[in-house]
Each structure stands twice: as structure tokens, then as C-alpha cells.
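Next, two complexes with subunit A in common: one pairs it with subunit B, the other with subunit C.
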Partner chain A sequence: MAYDPIHQFRIENIVPIEVGGHDFSFTNSSLFMVLTVVASTAFLVLSTQRRALIPGRWQSAAEMTYEYIAQTLRDSAGNDGMRFFPLVFSLFMFVLVANLWGMFPYFFTATAQIIITAALAGIVILTVVIFGFWKHGFHFLRLFVPSGVPKAILPFIVAIEVLSFLSRPISLSIRLFANMLAGHITLKVFAGFVVALGSAGFLGILGAVLPLLATVALTALEFLVAALQAYVFAILTSLYLNDALHPGH
Partner chain B sequence: MDPTATVAAAKAIGAGIACIGMGCAGIGLGHIFGNFLAGAIRNPAAADGQFGRLIFGFAITEALGIFSLLIALILLFT
Partner chain C sequence: MSGRDGQPSSPPPDDSELSQRLRHLDRRLGDERRSERTANAKLSVQAPRQGYALAMRLGADFVAGVVVGAAIGWGVDRLLGTSPWGLIVFLLLGFAAGILSVMRSAGVVKPGPAGPDDVAGR
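== the complex of A and B ==
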């Protein structure tokens, strides 16, 4: 049994696989990513199977999720942004379901690993850059030259714009990673307080109710953060894709 | 003092200083929500329409506070 808050993030091999000297093991992280795909696919496919004209609860939930992200993408990137809807929706569902899987006790939070959030952010930024250059050629670099800037400070503005563009994948990945990491560490720390107080005699058990209540409140907050971070990831992806579609301010 | 203990002590101090960032993020969040409430009380009908932007602004600002928490955690646990 581990009582420190970091143990929950350890990667453990479930099925060791080695290919050419490299470690391709099926780990607890892989298991939860597979479960994420299974759960989100099952939710979307099974809820909409009956295709009722008047949707029941599950079908409503699936349709509302679809419509919410479609509306967000349409607002941020315009109607031609909808070509990216499969990407944005998949990212949103993956992040949301992976975050929610992590809320169960003893389960592993896939999005609390920097490599996973970095891979997701990398997908977004590579899509933005490659699509931007494919569609606009070198005019894509107009993104870094805002209109109506006096020529004297233009070099500095361009440098700042380039730096802020390069900081996007970093902030996108670290935002999700740090939110999940901090939330889960806080939960485990407060849970540790319950155990520590509870082992301190009768008054300790009475006092242990306080960190228990705090843990319950934090769990509720964590559910909110899980959904919120998924939404923020989706809306930032939409905004960055808008930059690829319509460069130049 | 032996070097490992000095490094550990310095890391602990650094982790404490990193928490100032979270206080600043708190100020920013109070600013956002205060302005939203001020506007919402003047025009309650329009408030619900801007709720999405409120939550987006909250998440972006909160992220910076969490970045400083991340630095503190990195200092404490590595």
C-alpha cells in the first residue's frame, strides 16, 4: 500500500512487450486509453443506435454533446472550420472521458501524464501548421504580422507573435496535464489527512470528518475541472484552427 | 552544511515562493468574476449569454496559477 500522493501516477506494465530493444509494453496508461476509446465509442454509437426522432435521454446526451462542440467550432472557426469537426470532437471526447475515468478510485488518469497531453497538443499544432502552409503557402506567415502596426515596432511585434505562437503547444499540453496532476495530488493529500487524523484516537476520528468533507467537495470540483479542461482544450483547438484557416488579424 | 541538504532546503524555499503565483492567479480570477457579476447585475438578461466566455476566461487564468503549482510540485518531488 502506498500512502504518498505520487504513487498514483506510476506507470506499471501489464503486458511486457519488447520490439527490437524498445519497450512497447501494454501499461496501465495504455489500458486506460483503450478504455477511453471504448467508453466514448460505446456511448456515442449505442445512444444513437435507435435514431429516434424524439430522442430519449441517452440519445439526447450524445446529440447535445455533438451540438455543443459543433457550435463552439462554428463560432470560433466559421463554417469552413467544420471540416475539422471530427478532430475537435475526438479530442474533446478523448480528454473528457480520460479525465472522467481518472475520477474513479484506484483508476489511472491518462491525461495526468505529460507525454499524453503533449501528444494531443502536438497533434493540434501540427495540424494547424501543416494545414496553414498547405492552404496558404507562405501567406500563412501573415499570421505573425498584425495589420495596422507602425513600421518602427513591427520587428518586435513579429518576434512577440512568433514567441506566443510557439508557446501555444506548451500551454495547451501543460494546462491539461497540470490541472489533472494538481487535482489528483490534492485529493490524495486530503485523503491522507483523513487517515492520519483517524489514527489519532477518538477525537482524531471526530476531527477526521473535516478533511473527509473537504475531500468530497474537492471531488466535486475535480469533476467540474475534468469537464471544463476538456471544453477548454476543444475551444482552444478551434481558435488555433481558425488561425490556420484565416491567417492575418 | 552538506550539499544535498542545502539543495533540498533551497528547493523547499523555491516551492514556497512559487505559491505567490497562485495568489496572483487568485487576484486575476477575482477580477474576472467581479467584472462579470458587476455586468450581470446591471443586465441580467444578457448574463447567461456570456457564461461560456466567463468559463473560458476562468480556465485560461486558472491555468497560469496551476502552472506555478506545477513548478512547486516539481521542486518538491524531484
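== the complex of A and C ==
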């Protein structure tokens, strides 16, 4: 059981709750999502407590995350995209902190569960669709009709555009989930090699150095991926929001 | 020396004022250049990271197109009993949509109606 690389993703009930025949148990997944929210809120609230003119270390870390996401959003969705800043920043902080919680040994990675990433992607796409229709009405559907296409192939193009739009929440959720899942499995497998080789005598211990080095390198890579995936999630969210704000330029 | 070229008052204070302004301008230009240089340096640091971010997007973009196409085709077949034509047609359309998304993310195709989809790539 010690080498089972999938074991770390198993959901376990901590507080069983059942309402009307449905399972609403508080699981290890829920626990780490609560921890994520608590940690990111605590980081931002505590670090901006003093509001010094010359920021300290924590305050400048908080200001840097703010400015980085604000700049990303302005670059991709324009200045009126800033009305969605709370959404994009919350998503970024949630994904980033959940990914980083997962980097602790024996901790649970909430973002390696596809249902969680799918729910996050669902929030983004529903926001785009609802805001798009509310702001532009049926004009929003011009998103699917490119200009300057011959009438004969227009139905195909529209079908492809619609499919391409529908695939966005899927790709948004698969990307984050697959990256976290694959990374953690790889890490576990390589660490398992170290143990397996190490118990095989002197030559085995010599051989175990290689997977150990790989594990160290992979851990560093995982930290990069954790931050990068949060950033990719935020930038894609702002790109999709741009479609809702300015469909069919 | 004083009244000849329309300068009634003494030139020395004027001169010193001018050199002072020149120095001031020099300083401001220097500041401007320095901030421009740091901005450029930041950009060149950011470029490879953005490339990596872009690479992360492409695979999922393509797979998602095919998956959505297959799912819709399967659903259409189940609802209308047109098996296997729904699956075939929508799988092909999904394939095309996946390729379109990838090419948009890579910035090969212009953003088209869906807006600038490739800002991250630049």
C-alpha cells in the first residue's frame, strides 16, 4: 500500500453528514478547500493590516500578487475588465494556495480532483455566458459568426466555433486537474523507486541516488507548475471574460 | 554686452538658470531611460515563462475539442437514434474545433470572431 501512487487522491470522510439521502460529508477534500480559503484570506488580510507607505516584506508580496493579476486582466480584457477583478483574483488565489497545500507531504491536493476544477471552470463559463447575454443580448451570439466567410461553408464554421467555445470549460478543467494529478503521481512513483532500490542492498542504495535526484528536481518543477497553473487559469479566465465584454470585434 | 541682443538684464544669472534647467532635464531623461531599461529587462525575463505557460495550454485545448465533439455526437445519437452518424460528424467537427483552438492559442490563426485568444502568447 505504501507505493500505491493513487492512494493520495482518495477521498475520505472526516465528518459524515447525510441530508435527505444525499451524502454531504465533510471530507479531506473539503478540509483542504477550507484550509485554502483560510490561508489565502489570512495572508491577504494580515499582510495588508499595516498599510505602510513603504511596504514590508509581506505587504509587498500581497501587493505584487494584486498588481500581477490586475496587469494580466487589463492586458487581456481591457480596463472595463477590471469589474471582474474580484472573480479572477479569487480564482487565482484559490488555485494557487490549493496547489501549494498539495506540495506538503501527506496533504491532499484539492485541485487534483476533476470535479473541483470542473466547478471552477463552470463558474468562469457561466459568468461569461450570463454576462454576455445580459450585456449584449442576442448580439452575444455574433461570437460564433465570423465576418467575411462565404455563405456555403458558414454552417460548418459556426458549428466549429460553437464546439470550440463549448470545449473551453473542458480544457480549462482538464488542464489544471491533469497537471496536478500527473505531477503528484510522478513524484510518488519516483520516491517509491528510492525506497524499493534502497532496500536492495549496497548496489541498490547506489542506484537509488538517481531517482532521489529526480525526486528533488521534480519537487522544484512541481512548485513551478503549481504557480504556473494558477497563472494560466487566471489568464484564460480573463481572455474568456474579454469575449463576454467585447464579442465580435 | 547687455543691451545688444534684446537681453536687458545681465546674462550670467540667465546662463546659470539655463544650465540648471539643462541639468534637471538630463536627470529626468536619465530616470526615464533607466525605467525603460528595467521594463525591457522585465519583459525579457517574462518571455520564456509565458512560452511555458503557452505550451501548457495547447495539449488540453486539442483534447477538449475532440472530447466535446464525441460527447455531443454520442448524445445526439442517443436522443435521435441516428447512430453512428452523429458520433462521426460531431467527432470530425470536434477535431476541427480542437485544431482551431490550438492554432488560436499558438497565434497562428488570427483571433477571429472569438476575440484576441492569443494574448498570452505574445
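Quick note on the criterion: the second predicted complex is superposed on the first by the 247 of 249 C-alpha atoms of A that agree within 3 Å, B and C clash if a C-alpha of one lies under 4 Å from a C-alpha of the other, contacts with A are read in each partner's own complex, and residues count from 1 in each chain.
The rule is short, and it goes like this: a residue touches a chain if its C-beta (ideal position, glycine included) is under 8 Å from a C-beta of that chain, and two chains touch if they have at least 3 such contacts.
These numbers were taken from a predicted model, which means no experiment stands behind them.
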{"item": "Which of subunit B and subunit C A:181 touches, first, second, both or neither", "value": "first"}
{"item": "Subunit B versus subunit C as contact partner of A:6, first or second or both or neither", "value": "first"}
{"item": "First (subunit B), second (subunit C), both or neither touched by A:231", "value": "both"}
{"item": "Partner chain(s) touched by A:145 [first = subunit B, second = subunit C, both, neither]", "value": "second"}
{"item": "First (subunit B), second (subunit C), both or neither touched by A:55", "value": "neither"}
{"item": "Partner chain(s) touched by A:165 [first = subunit B, second = subunit C, both, neither]", "value": "second"}
{"item": "Greater residue coverage of subunit A in the superposed arrangement, subunit B or subunit C", "value": "C"}
{"item": "Doubly contacted residues of subunit A, that is, touched by subunit B and again by subunit C", "value": "171, 174-175, 178-179, 228-229, 231-232, 235"}
{"item": "List of subunit A residues in touch with subunit C within their complex", "value": "75-76, 142-147, 156, 159-161, 163-168, 170-172, 174-175, 178-179, 228-229, 231-232, 235-236, 239, 242-243, 246-249"}
{"item": "Complex interface listing, subunit A residues touching subunit B", "value": "6, 171, 174-175, 177-179, 181-182, 185, 228-229, 231-232, 235"}
{"item": "Residue ranges of subunit C in contact with subunit A within the complex", "value": "49, 52-53, 56-57, 59-61, 63-65, 67-69, 72, 90, 93-94, 96-98, 100-101, 112-117, 119-120"}
{"item": "Parts of subunit B lying in touch with subunit A, wherever the complex brings them together", "value": "55-56, 58-60, 62-63, 66-67, 69-70, 73, 77"}
